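Both complexes below contain chain A, partnered by chain B and then by chain C.
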Partner chain A sequence: MEAIDYNMGTAAHDLTTLERKDKALARYKKERDWFAFLLEAAEMMDTPEGKLQVKLLNILLDSKEKVISSVMNDTPFVAAYFCTAPEILNAMNLPWFMIMETPFLAASAPYLLDDLRGAEEMGLGTDLCSAIRLPMYYIESGLMPVPSAVVGLLSPCDGTTMLQQVLQHNPAWKNVPLFAPDPPYTSDERAIRYFANELRTMVSFLEEKTGRKMDMHRLREVCEESNRTYKLWQEYNELRRAVPCPHGWEIGGAQAFAVSQCFVAGDPRCTDWFEQLLECGEIKVKEGRGANEYCPEKIRILWFDIMPYGWVFEFMPWLEQEWGAILVMDMFSNFPYTLIDTSSEETMFHDLAKRNLMDVPMIRQARGTAENFSSDIARMVKDYKIDCVIWPGHMGHKDGAATAGIMRETCRGLGVPFLHIGLDLFDKRYTSVDEVKDKVSEFFRGMGLG
Partner chain B sequence: MTALDDHIRQVTEFVATMRRQGRPVRQFVLPPGANDLRAGLPIQLGAGANPGIILRSETFVELGNPDAGSCGFALWTEKPSLLEDGRVTLIGPDIAESPLASLPFGQVVMAGGAHLIGDDQVSLGQAQVVADQIEGYMVRSNSRNIWSRVSKQVGARGFSFDTLARALMFLIKSAVPRVESVEIAFVTSSKGDVLTLNEIAESAQAIGRAALKEHWKARGYDLDCDLHCGSCDDKTVCDDLRKVLATRLRKDKEAVGDDAQ
Partner chain C sequence: METNIKSKAFEELAGAAAGLMNPAIEAWKAAGRKVVGYFCSHVPVEVMTAAGVLPFRMRGTGSTGTELADASFSSINCSFPKHTFNQALRGEFDFLDGLICISSCDHVRRIYDNWKQQLSTPYLTVMSLPKKNGQAQVDWYYEEINILRAGLGEFLGVEITDDRLRDAIQQVNETRRLQRQMYELRKRDRPPISGAEALAVMVAGNSLPRERYNDLLRTLLADLENTPGRSGYRARLMIVGSELDDPEYLQVIEDQGGLVVTDSICFGTRTMWVDCSETEPDPVRALARYYIQERPACPRMNGAQPARAKFVQDMVKEFAVDGVVGERMLFCDFWCAEHYMNKADLKEAGIPFIQIDREYILSGKGQLQTRIQAFLETMGR
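And then the complex of A and B:
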């Protein structure tokens, strides 16, 4: 029998169920090992920030181990998204992974470019968002564990819907039960109530398909813990208003998003992580220390999108070293969240619906009407003393591209320079890192910022 | 410009109800001129007046923590006569009376001007974001409610709702010159009272969103998308495709079922 290359995304349609399971597990373990390697490195850093990384990686690894254990023991686990109320999954004791996990969390992994090439060889269009293209590739090539149930996503863009269609047609996935809560277009009270009902239906679906039951007392506990983490997050975000900003791209923002929503939502370890984060930030603010001790802060940036994870290490340190440009705020670090009222079952579902429909990043901006593109920028520029706004113009964010004019006009009104680049946040072949650096340098010089 | 006259009347009625129900209601009138508002303030005002941030340990009073209750919104009218310029209404305890407390907080700013235009709504909205313009006062960066801190430093100098109202009125009148009169109501009495006020806010926000849409439309941008499947010329093609896909999916599933047998 021919040996299966577990590391490569070869077509998986001919694999038996067992072979497919082994192949997916091998890749999932490889990803876990990547983070375990990062953990070993973080454990060597004897700094408060180093301890922070250790705590984060432990939370992440625990979530991965739970999925691995579920696959190996054939116990229920779910594929879902950060914006499909992960508190519910925690309350139901359901291990889960994010379908777009690799582009969001492991985009620094050394095999990312190979995966993108594999997706191209499979025939997936290069004009399709790479964050969507990658999971499609993992599904089609058998590199993603087949879950017991899928919670799908129908917003914020057409690409996510297409991803659901791919898994519905894939031989290994098409019989996996799928439920996608239907997000309304508007953002009023009626919309929230509608979506709250969708979340209730999601709970019934999960109960039926996984056998796990929802305990409302447990949901209350999880939501209260989640509230504690979000309160600390907001407290921390206030620290980022300080000049100089205590942390840049490396610490804080994007990690806060991941810890609160992407692994296990509403867990005391997440609260503990935020307490440590706050402590780190407060120490630096009190001492007047900035993000990078060797590069004094000169330009305060709002990066209004996901960070360029596929090439973040080649770009973000350069911004600090070359220009003293500190990423003070970005779309995923922003805090538009309101806390969950846990006084009744109805208020919990109402507020979970609001959070997942109107607060979480990308969904907040691109699901419905476009006013948040303007109002969020205006708010952040004022609150965080932003010197310039960069809309990276990720090739997959076509919805955002349609509102670049609104963002530009907003910035013009605020008297803050605005840069629209045009790139791929995960694939540096789209616009090379050098080209991006060149555009940014030209922008800083032209606007008199550097 | 879209008027919110009815909502202003609702706020007036809300204040009257609070008074009837025995809440401590205080009212005072501040001078109309921007310079008069600024005179005698115990704090600095303007860009950079509050350069740092106010940490938890430096907080004299916290306003509008979501646990305590929070609500903040702005209303406007083209009939300045609906408002008494400079009037401040305070329902509940003042800042100076509540050291180290976390008070529920509702704030309604009502602005009137016969010549207000659509753009002024955006300016009014942005004027609410005080950022670093009021010394010793930091509104936390939360998009819906007003959750703020008064520092111990300015608390010791007598920072009160009189101070905050003067500062807000000054900033609004400076940012939107077409505003002729401003009234402000603060509520700190209870979470329930703040939530009652919030009902007015929610209905006003819907009107505000519609006005914002018009504001951007006048600039050539649609916040809203009018296109939907029902309005598309290619709807029949898509419907046919869906039928084909559904049939294919069904046949695939049947084939899997046959194989299994």
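And then the complex of A and C:
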């Protein structure tokens, strides 16, 4: 038998179930090893921020190990998303992985560009969001473990809806049970009740398909723990109002999202991480120290989207070093922090629905009408003394692209400069890092910033 | 459009499809009656018809640029909303008394937000369309239709009663039945109407008063019986895709010898292949079920891909189709992934398929000609 290429995705339709399982597991382990490598590097940093990275990576690795163990032992595990009420999965003690895990959490991995090329060779359209194209490619090429059940995502964009459908079309996945809660376009009480009902149906679905039972006492514990996290997160973000801002792009933004809303939503380790983050921030604010001790803060940026995960290390440090431009706030870190009322089953589902419709980043802004684009920008610009707003203009964020004029007008009204770049957050071939740097530099110079 | 059809009715229909305003709308407005625009075929036109307004399906016919809309949209947005919104900013839709938007796709749904900010059409609303088709979604859309019914009724000062809705369902079903009769003629070995001509007739149905349109269709069907059938074509084609309202696009395909005999597009069969129930006691319930579960689905409906694939393959058989052309407007994620799956499904079924990306306005005519010629050649035609 020919050796299976575990690294590159080739059409997986000819693989046996066992071969496919091995191939997917090998890739999943490879990604785990990437995180283990990052952990080793973080362990060498003898700073409070380094210790936070270590803690975060240990949490991530633990969740990866649980999935690996489930695959190897044929026990139930789920493929889902950060915005499909992960509190429920944790309350049901269901190991799970995020279908968009690689672009969101492991985009710095050395194989990302090869994977993007693989997706192109497979015929997936290049104007389709790269964060959608990648998981489609992993599914089609047998690089993603086939789970016991899928909790699908139908918002915030058209791409996510199609990702679920390509997944269901794939021969190895088509018989995997899937439930995708339907997100309403509106944001009123009727919408929350509707989505709460969808979440209840999701629980029934998971119980039936995985054999795991929901214990409402356990859900209450998870929600209460998650509330503690959200309070700490809110408190921490208050600290980021300080001038200079205690942290920049490296800590407290994307990591806070990963810790609070992904694998350990409602886990004491998550609360512990935030306590440490808060303490670390408080010390820096008291001492008047900024994010980067070698680069004094000159420009306070609101980066209104996901960070450029695919080339973050080539760009974000440059912003600080070249311009003293500190990423004070981003789309993933600031929202109403809805606390779950745990007084009854009904209130828990109601507030979980509210949180997952109206708090979760990207879903909050892009799921419905454009009000949250402008109101969030206005709020953050005022609260965080923002000097300029950067809308990266990721090639996949098409509803956002159609809101560019509204965002620009909002910023004009606030008297704050606005930059729309046009790039791919995961694929630096789309707009090169140098080109992005040129655009940003030109913007800063033109606006008299820095 | 060049045509063999000798029919005054066809002339009027083709004329209505060729522009935005037409004499029937002018007469309607002159009589003091209202026109309400709408985006996407999931908006229940029956509610507008029941309210006594003329439903006008939004399109950017005649647009040549997006210079005004470019400040609101960006280079990765589909050209359909950009051209249409540009027309709106130019005042081409000033004849509208209202506009109903819907959460159809990432590009078109933002027209609501931009319209709200920049234009002052008296009545403006947006509907929340579910992304799957279960019973809970029918219930949700039932409420959405009732919200539309109440809001539109209040704006117009009209009570949209159940009886009015039942009448409207019958009228719209009559349109659907007549349109299907026209499609029946396209099953013939020598169809009396081309794909481009049929599309013009379909588009016109979204910009003429319902009764007038139905009368014109009846006359056209009679005229088509006396129209010589088309022969000498190289292959019978089906067109599958999204918003396509330009008959000229199909004309280019047909000029290469590929006769378009049927479709799955949202100005075509997806709007009329199935009727809405006339016997359901609650007409709003009938509409909700029709728009969410019964009419042929589009890719935004999760879980309906197998049904959509079956619909295409059933049409291929029914209309003796030789090959399928999958059209897609650039930057459309729905049709990007849908055609990726169509390609695999049709390959398995042994049906030739080509995907062609396009802009909303016909800008790459030469490229389209070349690709269609190549497609016909690969089919051995």
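To be clear about the criterion, the second predicted complex is superposed on the first by the 450 of 450 C-alpha atoms of A that agree within 3 Å, B and C clash if a C-alpha of one lies under 4 Å from a C-alpha of the other, contacts with A are read in each partner's own complex, and residues count from 1 in each chain.
Note that in this section a contact is a pair of C-beta atoms (placed from the backbone, for glycine too) under 8 Å apart; a residue touches a chain by one contact, two chains touch by 3 or more.
Here the structure is a predicted model, which means the values were calculated and not measured.
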| item | value |
| --- | --- |
| Room on chain A for both chain B and chain C (clash or fit) | clash |
| First (chain B), second (chain C), both or neither touched by A:Q168 | both |
| Partner chain(s) touched by A:Q321 [first = chain B, second = chain C, both, neither] | neither |
| Chain B versus chain C as contact partner of A:S204, first or second or both or neither | neither |
| Touched partner set for A:G159, first chain B, second chain C, both or neither | second |
| Touching partner for A:E189 - first (chain B), second (chain C), both, neither | first |
| Chain B versus chain C as contact partner of A:T47, first or second or both or neither | neither |
| Which of chain B and chain C A:S69 touches, first, second, both or neither | neither |
| Which of chain B and chain C A:T369 touches, first, second, both or neither | both |
| Chain B versus chain C as contact partner of A:S432, first or second or both or neither | neither |
| Clash with chain B, by chain C stretch, listed 4-12, 22-30, 112-120 or 184-192 | 112-120 |
| Contacts on chain A seen with chain B and repeated with chain C across the two complexes | 168-169, 185, 369-370, 403, 405-406, 409 |
| Touching residues on chain A, where the partner in the complex is chain B | 168-169, 171, 174-175, 185, 188-189, 234-235, 237-239, 241-243, 282, 285-286, 334-339, 369-371, 374-376, 378-380, 382-385, 403, 405-406, 409, 413 |
| Chain C residues touching chain A - in the complex, by the definition given at the top | 71-78, 81, 103, 105-107, 109-114, 117, 126-132, 134, 136-137, 140, 143, 299-300, 302-303, 305, 330-334, 336-338, 340-341, 343-344 |
| Partner chain C, residues of chain A touching it in the complex | 123-125, 127-129, 132, 136, 152, 154-155, 157-159, 161-166, 168-169, 180, 182-186, 190-191, 194, 197-198, 201, 366, 368-370, 393, 395, 398-399, 401-406, 408-409, 420, 422 |
| Chain B - residues contacting chain A, complex | 51-53, 55-56, 66-67, 122, 125-126, 129, 131-132, 138, 140-145, 202, 206, 209, 212-213, 216, 219-225, 249, 252-253, 256 |
